[in-house]
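Order of writing sets the labels: A, B, C and D. Residues in every chain begin at 1.
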Amino acid sequence: MNYKEIIEEVYQKIKSGDNKGKLATYIPELAKVNPNTFAVHLTTIDKQEYGIGEYEHKFSIQSIAKVLSLSLAFKIIGEKLWERLGVEPSGSSFDSLAVLELNNGIPRNPLVNAGAMVICDVLITHLTNPKEEFLEFIRDISGIHDLNYSAVIANSEKSAGYRNIALCNFIKSYGNILNSPEEVLDFYFSICSLEMSCRELSKTFLYLANDDFRTASNKKVLTMSQAKRINAIMQTCGFYNESGEFAFKVGLPGKSGVGGGIMAVHPNNYCIAVWSPKLNEKGNSYRGMKFLELFTTKTESSIF
Amino acid sequence: MNYKEIIEEVYQKIKSGDNKGKLATYIPELAKVNPNTFAVHLTTIDKQEYGIGEYEHKFSIQSIAKVLSLSLAFKIIGEKLWERLGVEPSGSSFDSLAVLELNNGIPRNPLVNAGAMVICDVLITHLTNPKEEFLEFIRDISGIHDLNYSAVIANSEKSAGYRNIALCNFIKSYGNILNSPEEVLDFYFSICSLEMSCRELSKTFLYLANDDFRTASNKKVLTMSQAKRINAIMQTCGFYNESGEFAFKVGLPGKSGVGGGIMAVHPNNYCIAVWSPKLNEKGNSYRGMKFLELFTTKTESSIF
Amino acid sequence: MNYKEIIEEVYQKIKSGDNKGKLATYIPELAKVNPNTFAVHLTTIDKQEYGIGEYEHKFSIQSIAKVLSLSLAFKIIGEKLWERLGVEPSGSSFDSLAVLELNNGIPRNPLVNAGAMVICDVLITHLTNPKEEFLEFIRDISGIHDLNYSAVIANSEKSAGYRNIALCNFIKSYGNILNSPEEVLDFYFSICSLEMSCRELSKTFLYLANDDFRTASNKKVLTMSQAKRINAIMQTCGFYNESGEFAFKVGLPGKSGVGGGIMAVHPNNYCIAVWSPKLNEKGNSYRGMKFLELFTTKTESSIF
Amino acid sequence: MNYKEIIEEVYQKIKSGDNKGKLATYIPELAKVNPNTFAVHLTTIDKQEYGIGEYEHKFSIQSIAKVLSLSLAFKIIGEKLWERLGVEPSGSSFDSLAVLELNNGIPRNPLVNAGAMVICDVLITHLTNPKEEFLEFIRDISGIHDLNYSAVIANSEKSAGYRNIALCNFIKSYGNILNSPEEVLDFYFSICSLEMSCRELSKTFLYLANDDFRTASNKKVLTMSQAKRINAIMQTCGFYNESGEFAFKVGLPGKSGVGGGIMAVHPNNYCIAVWSPKLNEKGNSYRGMKFLELFTTKTESSIF
């Protein structure tokens, strides 16, 4: 498959089209990015790479990082994780408290905010220095030694994060957060503040596409079964209440972030990352969704 | 891959384990089947077959038939279909009216009861003799000339179908049913009353696994893109509020029915059907779910 | 208290103001009334009367009739009634199915549509000829011998009553309707089709204001405790999700109907009826609400 | 009316019956009270008093204090208050976040927790020293000079108040809290920590029963219209999702607290306070509800 040509063709086509939607504004720092940025990068499991646009430019990966924290928690405590949260799509927006109330504080899945907070809580319980050890974990996967949290973004989010504070205290009120909400939120906001480029993203998440993936220090990240399970969760829950639409139109497991990034995986083939900051009504990158739909159609690489 | 051996091994293992759950009792006729029946049949896209247990025994396929009516409606009116219903998992039970109220009469997807009723409505509008033409459509796909509705099952369901009558009239009140609720319900109950064996199911649904599939009369059923889209919907919505769990544990697009049947598809590989009538709490076959989980683990054939 | 003068003053004031809102259009017949009609009639417990506008003109009392059917059912089976429905405000619209789903088919109160259907079901079970006996009951209370159902209105409602059909079948699916939904709905639509003038309304509902009230045949309608309880239900649930507002602004127990009528009771003092067909957003008479607010302010007759 | 005799008779009858329910345990300090305490005190508008049991014993009045903060805010900004919250019963529990989500951060009424927080926010905005000035306000109404917050109770509540922290931040996320959530919660917990005896309660709330009520410093608390409106809100919303039941069985406007206190008002007649700490399933005093039901039946003093 000549991915390079198709990427270029689809990129030009989408770039020449409209760029609808809005920047995420609830986090002040995110509102400052250039809305016209548009980058794509693909890495195959045999390490071939194709990039276009600002694919070396770092941006705030936001919720995409939830897949990394989920991976670490799953690696540490295994299937016991599912005693504290589900694997079902929520059928509502990513920060709904109503759904949580209906389920007595058990988040529907690890990719909605509530679920990602429970994951943070698990990591805090099992790690001595959660922030440092999480950084080490993803530096080892990605091989990027300067990978880091953005204090500016984390603080920006903290200053406006009333809804997330509400969510975390709400789960705590049901007893499904074991540590203090402040500590959990601090870790949560740090994780969401990670900055990576499309190139870094598509290389990092190869561990979900390739059963033989080894980290910089030559370790396996997850068992094959665990990686498949995370892909399954991304497929059904990775795009908030547009998850069905993404499966329908794109047909790949993936995860989006309000920074405008989308990462998607074709098991046994490749990992692709797209970045375009303007978001559609459901909170997913407007051009990112369009690019991936056309890309998997042209490459016939939907997993379905 | 030696499917035969693995099917036999897994079948024996599950058969020797527990058989929890309950028969569907809300439809009087379904409560009469033998709860110990257990059948499996797999057909590969190159027409190899493996069956075990009562795989030639016909049973009520119930909601599995919704995939067939969806296919016909999608074939007839194409993407316009999505003006009247969504493709998102509902996050709640298959016959919830609350979700429908929240969405002003637009069903979340074509595989919940509400969505399947809108599909019936579309077919009634576009076909001259809906029941006959639908039968012809699936007889041609399956090559089974005596495939038929069960009047006994349809009447049994009609006599106790207050919730479905409620659903259909509720959608009508929002203007999203164009024909009379009586006519829509009559067609809906007929479709759900179809009876097929596991062997027939696994052969019939090959059209979703094989791009080159041809019907008995040598026609294509759907375009490749349409088939992939239906698989995507099955993956995110095929098992009610256990869809995430099914993706997580089994990793195949599929559809279950309250008759205890499950049909699942491995694109470009095979279609498999399982039947065991006792249902778990979410309304899916208890042993069917267990069988498929172990089967895709042993064959490493999750699509993720 | 000189009610006559205040009624005239307030009537003129409201009449000269705006007449916002919309006619109920979901029932074709109701859309045909003159939107400018405006009538008021008050009867004191010592039988003094004051009327203004078209107070002798009959109109469709719609949901106001639910208080009459509730009274008869309460009279017949007493407190056992509350095993099948609640007395709490619903916090949502009069025909919500979502609330019913949350409460497993137990209507929140007897004045939402669902509750009134359960009341109809109770009456069908306990009466030999429900329609005739109900008519006799209200003819005896009101002393109006030609009081009758409107077949035109009942049929008009039946032809468009998909949501009510949905509601009734939904309750039936939970087992909280014992008779056939068709029979219950037929009775329900008949009751809602009753036609009365403001004068007839204010005289009829005196039984809720006056402990010593006697019917034409010299019977007590309810015990004092029962009458007080029905007033309490009207106060908290009589105006759909505007009940709190009505208590807040008017301060009387009462009941509205989509025909634009409102009946309100001042215990131990009077009963008043207002009719103005244009409805506000919550489905209550726009000018009726305004009239009563100003009237109880001027007469200082809020019960609070 | 000989209130004294009836109070004694009903008190003995209820005391000799069962004492079901549970102490509020979510606030550690409340779990320490003697569950058998049972006190009643009534004050008529002409200042006659009748008490029985531990009616001079102070207890944590909790949510009853919400009526006092509502009164002060209503006095200060008048009808503008209703731009920020409603007057409708919520149809759900006192601390539901789901209802708030449905209404975009506008609390249903001032007596649910969310509404009381908005009231606190209003007071913080309009007062220089909110805690001190609120204390002055209620000391002047009650004539009790040592009336005070309980730091122990406030801290106890703060230490376990995750759900309230969630609520306050949730409203803030909708922009309907103008000050910092910390400040609002600190004031909110202080208000709920007020301690009063039944005698003090029944004397304090006379301002809602008596149009001519004057404070210690000879001021009017509210206009007659405002007092009536607060009574109306108490009637429809004062007992969480048991408000309808309280109207139905007792028939007086009132307010309960999780400390086991209930205060009720008979306009133009009396104010009564009851205290018995064990709560029924809806969070209202078990014996308090029973006492008031029997008391208004015997005295025929339901307002309906």
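In the analysis below, contacts are C-beta pairs under 8 Å (C-beta built on N, C-alpha and C of every residue); 3 or more make two chains touch, one makes a residue touch a chain.
All values reported here derive from a predicted model rather than from experimental measurement.
Asks: What rotation angle takes the CA atoms of chain C onto those of chain D? Round to the nearest 5 degrees.
Replies: 180
Asks: What's the farthest chain from chain D if centres are computed as the mean of the Cα atoms?
Replies: Checked the centroid distances; the maximum from chain D is B.
Asks: Counting shared numbers against all numbers at the contact of chain A and chain D, is it over half, same, or under half, different?
Replies: Answer same: the two copies use largely identical residue numbers here.
Asks: Which whole number of Å gives the spacing of the CA centres of chain C and chain D?
Replies: Roughly 32 Å, centre to centre.
Asks: Quick one: report the Å distance separating chain A from chain C, using the average Cα coordinate of each chain.
Replies: Spacing between the chain centres: roughly 55 Å.
Asks: Just how far, in Å, is the C-alpha centre of chain D from the one of chain A?
Replies: About 47 Å separates the centre of chain A from that of chain D.
Asks: In chain D, what residues contact two or more other chains?
Replies: none
Asks: Following the definition at the start, I'd like every touching pair of chains, please.
Replies: A-B, A-D, B-C, C-D
Asks: Taking the complex as given, what residues does chain B use to touch chain C?
Replies: Chain B residues touching chain C: 96-98, 100-102, 162-163, 165-170, 172-173, 181.
Asks: Which residues of chain D touch chain C once you look at their complex with the stated criterion?
Replies: 86-92, 99, 108-109, 224-225, 227-229, 231-233, 235-237, 241-245, 247-249, 251, 253, 267, 297, 300, 302-304
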